[in-house]
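Down below are the structures I want you to see.
Shared between the two complexes below is chain A, which pairs with chain B and chain C, respectively.
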Partner chain A sequence: MATTYGAIATVTVGSGGAANIEFTSIPQTYTDLKLVYSLRNARNLDTDSISITINTVGVGTSLSLRGNGSIVVSFTETKLNAGRVVSATATANTFNSGEIYFPNYASNVNNKSYSSDTVTENNNTQAFQQLDAVLYPSTEPITNLTIFGDNGNLVEYSTATLYGIKNS
Partner chain B sequence: MAATYEPIATTTLGSAQSSVTFSAISGSFTDLVLIIDGSFTAGGGIDTQFNGDTGSNYSRTRIYGTGAGVVSNRSTNAGTISHGYISTSRSNTIINIFNYANTTTYKTSIGRGNAADARVQADVGLWRSTAAITSITLFGGTFTIGTTFTLYGIKAAV
Partner chain C sequence: MPTKLVVDCSTGVTTEVELTAEEIAQREADAAAFAQEEAQRLADEQAKAAAKAAAEAKLAALGLTAEEIAALGK
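Moving on, here comes the complex of A and B:
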């Protein structure tokens, strides 16, 4: 039976860290994409966010819902949100957990709408859960994805895997 | 390698339509995932009924953000589960339905609505029936041309 849910690529950050994780030349043979990631940031600030670029563009409409264990807020931004990231001040060896789902990523007709869910649980004074609804206003097929911390590098062992899902 | 995640059916609307039904769903999977990507002529939740049951057998709890505020509410003894949110702009909703084929327990679901111009939303749903789910009907507004619906099945073991 043909594979309908397959790994396209995995990238793990090496020693010294990296500014981002990038997937290039994404095959157009699937229907949907899922990006699953486990990231930690080098900066000493536990309120840092992560974002993506699509086809090297980072502008869109993000509507987010975020809780930190005591309050929940909703806000909009004009970048392509991908949740919050565990920072250098967090408990050692903890990384965030996140996934983004891109339906119909290879369409050349429709704008791209994606769903992002992340958590930064680290058994410390503060952690975040964030849901993002994002619209990337372009009908171009997605061929390139980059995920990065808004401030600071991703540390060693940060990893992301891109999966492809076929509807037939 | 045997597949554990398989497409069951997919539909792309060639014209505006007020409902979509997946019927004769095989009981050979463990869980279901439904991906809806498109738009409504007027924004709203996606009403969901199983096996054509129009009785007051559904409930759900919801949290959503609009960018200006956060709301949580509940609906009990309802005639549908309203999952997610589709707006007039390109948006998507993802619905996970758990252990759908068993004939012992009531059926539960999680919906995630992603409409960047209107709402980001999460729902949990319950259908108070022990029947295996064999059909799913989606409605609640008018889906526009080009909206896609894909139902996937996930197997716990092969």
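Moving on, here comes the complex of A and C:
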């Protein structure tokens, strides 16, 4: 049986923290990409938003749906949303769980779109789930991806793995 | 100096790179803009929750039960 799902690269943040994690020279030999991440950042609140850049550009259209257990809100932004991250005042040693799916990333004809699904962990007052549907209006193949918390460095043990997926 | 982690997928090699002054300035500007947008959104959420609570209180004052008020939202 053909191997249709494989890890391209994994990065884990070291003790000094990092502003972002960047994947460069992404191979164009798969059908789709999937970025899976477990992140925490240093913002002095219990949560923060996450964004990405594609080919170093961070502008697109994000339609997002976020719930915290009591209220659900829907909003639109012009950056490339990638959910919510656990931040400094949340329960110690907790990290978010998230993934982004990029279909047809190597096309030089189609505009790029992706979906992301994240949850935060927190034993205190609140935690979040967020879904994002995002359009990145460019027909360029995706060769570079960067992920970061919007208001603070990623802390030690944050990790991100980029997977390649083939349709046969 | 803040750093970023760059992994070259063609080699698998990860490098820790210091951000340039330009990248730091852009990052700070983006963070300020994101924080402002988020504050506005949270304020909107709180206003929405407060309006919902006020409407439910008015309905309760008119004699609707909690179940009847909940049914209106479905």
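Here is the rule we go by: the second predicted complex is superposed on the first by the 165 of 168 C-alpha atoms of A that agree within 3 Å, B and C clash if a C-alpha of one lies under 4 Å from a C-alpha of the other, contacts with A are read in each partner's own complex, and residues count from 1 in each chain.
The rule we apply is simple: a contact is a pair of C-beta atoms (placed from the backbone, for glycine too) under 8 Å apart; a residue touches a chain by one contact, two chains touch by 3 or more.
Just so you know, these numbers come straight off a predicted model, no measurement behind them.
J.: Following the overlay on chain A, give me a clash-or-fit verdict for chain B and chain C.
T.: In the superposition, chain B and chain C stay clear of each other.
J.: May I ask you to decide whether A:16 touches chain B, chain C, both, or neither, giving the answer as first, second, both or neither?
T.: The second partner, chain C, only.
J.: Determine, under the contact definition given at the top, whether A:75 touches first (chain B), second (chain C), both, or neither.
T.: both
J.: Could you give the angle made at the Cα centre of chain A by the lines to the Cα centres of chain B and chain C, to the nearest 10°?
T.: 100
J.: Between chain B (first) and chain C (second), which, if any, makes contact with A:99: first, second, both or neither?
T.: So A:99 meets neither chain B nor chain C here.
J.: Which of the two partners, first being chain B and second being chain C, lies in contact with A:5: first, second, both, or neither?
T.: The first partner, chain B, only.
J.: Is A:62 touching the first partner chain B, the second partner chain C, both, or neither of them?
T.: In the superposition, A:62 touches chain B alone.
J.: A:121 in the overlay: touching chain B, chain C, both, or neither? Say first, second, both or neither.
T.: neither
J.: In the superposed arrangement, which partner chain does A:25 touch: chain B (first), chain C (second), both, or neither?
T.: Once the two structures are laid over each other on A, A:25 reaches chain C alone.
J.: Does chain B (first) or chain C (second) touch A:133, or do both, or does neither?
T.: After superposing on A, A:133 lies in contact with chain B but is clear of chain C.
J.: How far apart, in whole Å, are the nearest Cα atoms of chain B and chain C in the superposition?
T.: Distance of closest C-alpha approach: 8 Å.
J.: If you lay the two complexes on top of each other, which residues of chain A touch chain B in one and chain C in the other?
T.: Shared contact residues on chain A: 73, 75.
J.: Write out the stretch or stretches of chain A touching chain B in their complex.
T.: 1-5, 31-32, 60-65, 72-76, 101, 103-104, 109-115, 117, 131-135, 165-168
J.: Which of the residues in chain A come into contact with chain C in the complex?
T.: 8-9, 11, 13-14, 16-27, 49, 51, 58, 70-71, 73, 75, 77, 79, 146, 150-151, 153, 162
J.: Quick check: in the complex, which residue numbers of chain B touch chain A?
T.: 1-7, 10, 35, 37-38, 63-70, 89-92, 94, 112-122, 146, 148, 150, 152
J.: Spell out the part of chain C that touches chain A in their complex, as residue ranges.
T.: 2-12, 14, 16, 19, 23, 27, 30-31, 34-35, 37-38, 41, 44-45, 48-49
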